[in-house]
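These notes concern the structure reproduced below.
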Amino acid sequence: MTENGTPLLETHDVSLAFGSVRALADVSLTLRRGEITALVGDNGAGKSTLVRCISGIHRPQSGRIVFDGAETDFRSPEDAREAGIETVHQNLALVEDLTVWQNLFLNREIVRRFGPVALLDRRAMQARAREMVSTLAVNVPAVKSRVRRLSGGQRQAVAICRAAGFSSKLVIMDEPTAALGVQETARVEELILRLRDEGHAVLLISHNFAQVMRLSQQVWVMRAGRCVGGRRTAETTGEEIVALITGALSN
Amino acid sequence: MTENGTPLLETHDVSLAFGSVRALADVSLTLRRGEITALVGDNGAGKSTLVRCISGIHRPQSGRIVFDGAETDFRSPEDAREAGIETVHQNLALVEDLTVWQNLFLNREIVRRFGPVALLDRRAMQARAREMVSTLAVNVPAVKSRVRRLSGGQRQAVAICRAAGFSSKLVIMDEPTAALGVQETARVEELILRLRDEGHAVLLISHNFAQVMRLSQQVWVMRAGRCVGGRRTAETTGEEIVALITGALSN
Amino acid sequence: MANATLAARDGEHWAAKLKDVGFWAEWAALVGLVVLVIVFQALNPTFLSPGNITSMLLAAAILIVLAVGQTFVIATAGIDLSIASAMTLGAVVFGQAYTAQWGLVLSCVAGVLAAAVAGLVNGMLTAWGKIADFIVTLGMLSAASGLALILSDGKPVTIIDPALLALSTGRVGIFGYSFLIAIAVAVVAHVVLFHTRFGTHVLATGGSPESANAMGISTRRIKIAVYTISGVLAGVGALLLVARVGAAEPASNTSFLLNSVAAVVLGGVSLFGGRGTIIGPVIGALLLVALVNGLTLLGVSQFYQPLAVGVVVVLAALLTRFQR
Amino acid sequence: MANATLAARDGEHWAAKLKDVGFWAEWAALVGLVVLVIVFQALNPTFLSPGNITSMLLAAAILIVLAVGQTFVIATAGIDLSIASAMTLGAVVFGQAYTAQWGLVLSCVAGVLAAAVAGLVNGMLTAWGKIADFIVTLGMLSAASGLALILSDGKPVTIIDPALLALSTGRVGIFGYSFLIAIAVAVVAHVVLFHTRFGTHVLATGGSPESANAMGISTRRIKIAVYTISGVLAGVGALLLVARVGAAEPASNTSFLLNSVAAVVLGGVSLFGGRGTIIGPVIGALLLVALVNGLTLLGVSQFYQPLAVGVVVVLAALLTRFQR
Amino acid sequence: ACGSGGTTGTTPAAGEAGTATPKIAAVIKGLDNPFFQTMKQGMDEQAATGKVPVTVQAANAITDTTGQADKLNGLAGQDFSCYVVNPISGTNLVQGLAQLSAQNKTVVNIDSPIDAAAAKSANVKLATYIGTDNVEAGKMAGQRMTELLADGGNVAAIGGIAGDVTSGARIEGFQQGLGPKVKMVQTVAANWERQTALTAATDVLQAHPDLAGFFVANDDMGLGVARAVANAGKAGKVRVISVDGIKDALNAVKAGTLDGTVAQYPYAIGLMGVEACQAAATGKTLPADVKAPVELVTKENADKALAATPKPFGSYDDPFASLIK
């Protein structure tokens, strides 16, 4: 069951509406172990909403999500993180007033126990944080500076480091390289490949086709809240995907 | 003086430090009328900071900015907008709790005068807003919905519409297509070209080289707060630009 | 095609609104008020007698005016803790001017002006001094009541003026003049907030000062303006207060402070700024006044009244629980 | 190379901090306090006499404890308006228990528990009921003081207990026991806020609830916890209060409410949450107490005192004007 | 609650006694009520007459128990020899006073009594208590109300802050003074605020259309209640009696808008407070409990009261006057 290529996550007819806006309509798709799965679609197609359902922020109004063999009903992001899902949200989910290292270890803090009390091991976290950040960033921000001070790309690097830094079964990245420079993008792509090679499944959302074709094994396409098709990357072309996205081609 | 190809904006040795972080160090560059000028560089290189200086949010600690023949000393973004500079900021500068149309017309509201009182012409603004947005967006958001409800790409479309919608001499776009889908990106690129053809100067910040090479006439490269070089796009290659960015090539 | 979807969406606007819990949340104060009225009326039929309605509306007038002022400030994510003591200052200045034979009109102007200046100073200190709103207006709360004490030498001045008496007792049908003035203030405020550029800029300043700034809105000027508005309305409240009690006193009026903010928040306006209505706070003010009136009518013991007020306020607010 | 830059940057940390105006802003309350002390001492040498220092620190003890509780709430972008009336409730419950011969220890527990329950209810209503903090705690302000009135039948109870008397009069050097307790509370609070996971989560909840939530922090649990902490500290304040005045009274203690928030804000903590210190509010509390004490010592006329307090509070806050 | 306590009537310690002029500090209750200004006026005038220095401090609000204690502590550190205190509650100043007693400073209690048991346990020695008997004052109002309502009727009471002791004592006294045909139907708390009292009275009038009278715990509120009665068109039909005797209330009694006020004489209380300090400084033994004068002012004697204000129009017993001759 834990072999590469077997399904890790499946959504079955997941639907969610915000008032009169149907953000997700009967979305069914599959993510496999040891693979990079891409999710593409126009702006407002519902990609981020799906991510938020999988990572426990929203609860689908109908449909099922099966993760790691068991049906899940995440009542909170905490449940999803416990189950082994780390997410880089499109809005990054950083706390601007906290420092880089505090954000990296948010809710995963390293503590030292003194009898009944557990105190933060700031040193250890700062040292680890420095390591983590310097693998990705070029203009490395000081780990003690507040996230508020970072440039757009520096923030994105911090969010990615956080998701990659903790052992998990699935890493979801919602447009991880949108704000990144060339060098940083290259590093993140390396990181994504490394995660896959270490056996993690990765769900990658990206508007960058070259990137999708380069990295992924499977592509799912969303249009106006529906999942309108899936292809093995090796068996499709950029043109076909674009046609699916725009609706020129229907499944 | 107002002919295409003549300088519209020049920065001379502009510098700015935040505490001990030198975000800009003696940046000098030129933007010409009727051209698309690209500004590229790693994350944290100082691109957005430069934009914020030009559009009146920050004031340079030293150096001069010459716009449209006269030395400027914008004391506020209002001054810059008055002078004819519209900006799409990287953080979009939208007010989440206001509606799409309110954001589009923020500080440019259409009013109807009734003697001494000027009341908003909501109808007119909403109608114009619908037109503006539908030229760019694919999943067109309702103009009466609050920006808080929009997807990442929808927001970006709103911010771009706003900058493009008002006559100005210079339109600055800080990573305008970062969150956009394929179709939306294509539309924004069309828009940028149209703006140029209508005689506006455009300053485009982008990490997407293909885009930069496709659209711009001039490229400036920043590295760690400095402007390390400029090239006519026609006379350079993606490789040379990357070399400048990484520092493999110095000017 | 895009345009078709669009038209359809805007068409669904109202239907969607009614389904949307957020919409109901904005009207929670109204729902709360209606529930309260039904309960009180069932328990004591005098509650909805014309006489009692008149006196409730009269009692609410000052609070409505203050709540409207407070709404402007809160819409910019500020808070005016000095609103009640600016009112006290206005009342005392009016009283002194009146006693000094300045005549009614000039005295009114002086009273309103004094409160307006307190507001202006608040605005300038928050805008230029970059001091937190809470501290500036807390300082002003103290300073304005100190000034009121100094000016009045701590003594109330009885004001007997036929025009003021008419203001506090005259009415059109069941609506007393004071209440009508308060409603007029609210209507003007609604137009200003939702139908002028200034109003949009107020909401933008509260919603995201950086974005408003980036779009060239002078958030400083907006801050100064809203605090001045709050001051002016405190001054109007002062006149209504003097008319009502027939005297200008250096009393602290603290209950007006908390109640003005409570009315605004009960009216569905977020303390974090950027959103707001005028009708909400007006209904919030009516709710608070009706609550105390009803409890008194029912003869609820003085010891049980605070408890009842607390519980009802929370219950009314529970109706806003669906707010996002 | 990257790591070298990094080390250098972290090394510049302190030098940079001293140059950074934001750093000074955080210590503005301290600067304000020092300036105040110098001025008062110059004008009246009794100010820094050991006796006066002792009585100032004693007077500050309750405010410090409340300000610490308020800091936790404000760090999550909430506000506890009921802190002073929870204290009143705690005091009354303690008084009733003591009069009913429960013994000192059990009575103390009962008093603290009563205030803690008020806090817990605040927390549950804000977290689960999704009602604005301001309204919930405003309701509780009213409800808790109502309960206090009902329980005490509106009458104060005199408490004569040697242990409590020792608490309010005993001292080590110039430091009274009450003050030492307050300092102990502050130290524990500092450790909790900056050296535990819980503290980080409190700041994250205030800084960005959505982000905290997305990272799996239960912002609800945090909200409930901070309000409970605020309640417990209101209970501790109640014990110090009873010891100080020698009686458990259903008095409203409103000045403690505004002062507790003022101390926190003067201490450089933003009402918008996400940032905070403990030392700041402690100094803020000392500043407020020293101010009143100094003005009294100087014999500033009673009418001019509120004005002076207002002006000094704003001046002290002006030192934070460089805050970003 | 009345009558005061502690170990009173003590002679100040020998060291402090003698012919020296006392240095006096006074801590009174509030700022925004003329009652306390008149009290201060009495102190100031006696200070001028007797050529003794007096420093007067007041709490910020009539509810600010601990703030008042802080003020006392601020003064306690200085070299005053006599402290005149008007505590907000029975116990809020006890701790500070304990300190003073330990240093053998003279403590004079005026207006509101310090709780006897608390004073005793903290070893607070009070030189004397001078103040109004609030139950008695209420009783006078009750008796007057009964006279006015010859045919009986329903009355309501408007009190200060819920739970306030002074207010409670007055209302209690008022009820004791009522005859059998007059019935109390409701008590409402109006926070000592005129506007609140006006609103509360308006509401009570709605609830009890047959109401015949109001008793109000102080004049400031009483004027608001009178206004409410007038607004309801029931002037003259609904009787209003309050307590304090501030100038505006005396004028209102004269004009007939108020049916009576039980005048206290804060002027006399303040004045006697200073006299007590002077007497103590000369080593005299002070009487333990001095009843301040209280007079019922009605339309008939309003002129007399107005002419004399802030002093009482009748004669009253000042036991200190002879001591400092």
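The chains carry the letters A, B, C, D and E, assigned in the order they are written, with residues numbered from 1 in each.
Basically, contacts are C-beta pairs under 8 Å (C-beta built on N, C-alpha and C of every residue); 3 or more make two chains touch, one makes a residue touch a chain.
Heads up on the chains, UniProt names are A, B = D-xylose transport system ATP-binding protein; C, D = Ribose transport system permease protein.
A quick note: this is a predicted structure, and the numbers were derived from the prediction, not measured.
Asker: Return the chains shared as contacts by subunit A and subunit C, ordered by label.
Answerer: B, D
Asker: What's the minimum number of touch steps needed to get from subunit A to subunit E?
Answerer: 2
Asker: Find the geometric centre of each of subunit C and subunit E from their Cα atoms only, then give the gap between the two centres in Å, rounded to an integer.
Answerer: Roughly 35 Å separates the two chain centres.
Asker: Between subunit B and subunit D, tell me the centre distance in angstrom, where each centre is the average of that chain's C-alpha atoms.
Answerer: 47
Asker: Where the centres are mean C-alpha positions, what is the separation of subunit C from subunit D, in Å?
Answerer: 29
Asker: Send over the residues of subunit D in touch with two or more other chains.
Answerer: Subunit D, residues with two or more chain partners: 9, 149, 154, 254, 303, 305-306.
Asker: Out of subunit A, which residues touch more than one other chain, so two or more?
Answerer: Answer for subunit A, listing residues that touch two or more other chains: 91, 137-138.
Asker: Could you check subunit E for residues that touch two or more other chains and list them?
Answerer: Each of 31, 61, 162-163 in subunit E touches at least two other chains.
Asker: Where on subunit A is subunit D touching in the complex?
Answerer: Of all residues in subunit A, those touching subunit D are 55-57, 76-82, 87, 89, 91-98, 102, 106-107, 109, 111, 117-120, 122, 130, 134, 137-138, 140, 142-144.
Asker: Which of the residues in subunit C end up touching subunit B in this complex?
Answerer: 2-3, 5-6, 9-10, 13, 191, 194-197, 200-201, 203-204, 206-208, 210-218, 274-275
Asker: In the complex formed with subunit E, which residues of subunit D make contact?
Answerer: 46, 49, 51-52, 55-56, 58-59, 62, 149, 152, 154-156, 158, 160, 165, 168-169, 241, 244-247, 249-256, 289, 292-294, 296-297, 299, 302-303, 305-306
Asker: Any idea which subunit A residues touch subunit B in the complex?
Answerer: 18, 21, 41-45, 48, 90-91, 137-139, 141, 149-154, 156-157, 175, 178-185, 207, 209, 224, 242, 245-246
Asker: Flag every residue of subunit D that touches subunit C in the complex, lowest number first.
Answerer: 77, 81, 125, 129-132, 134-136, 138-147, 149-150, 153-154, 254, 258, 261-262, 265-266, 270-272, 303-311, 313-314, 317-318, 320-323
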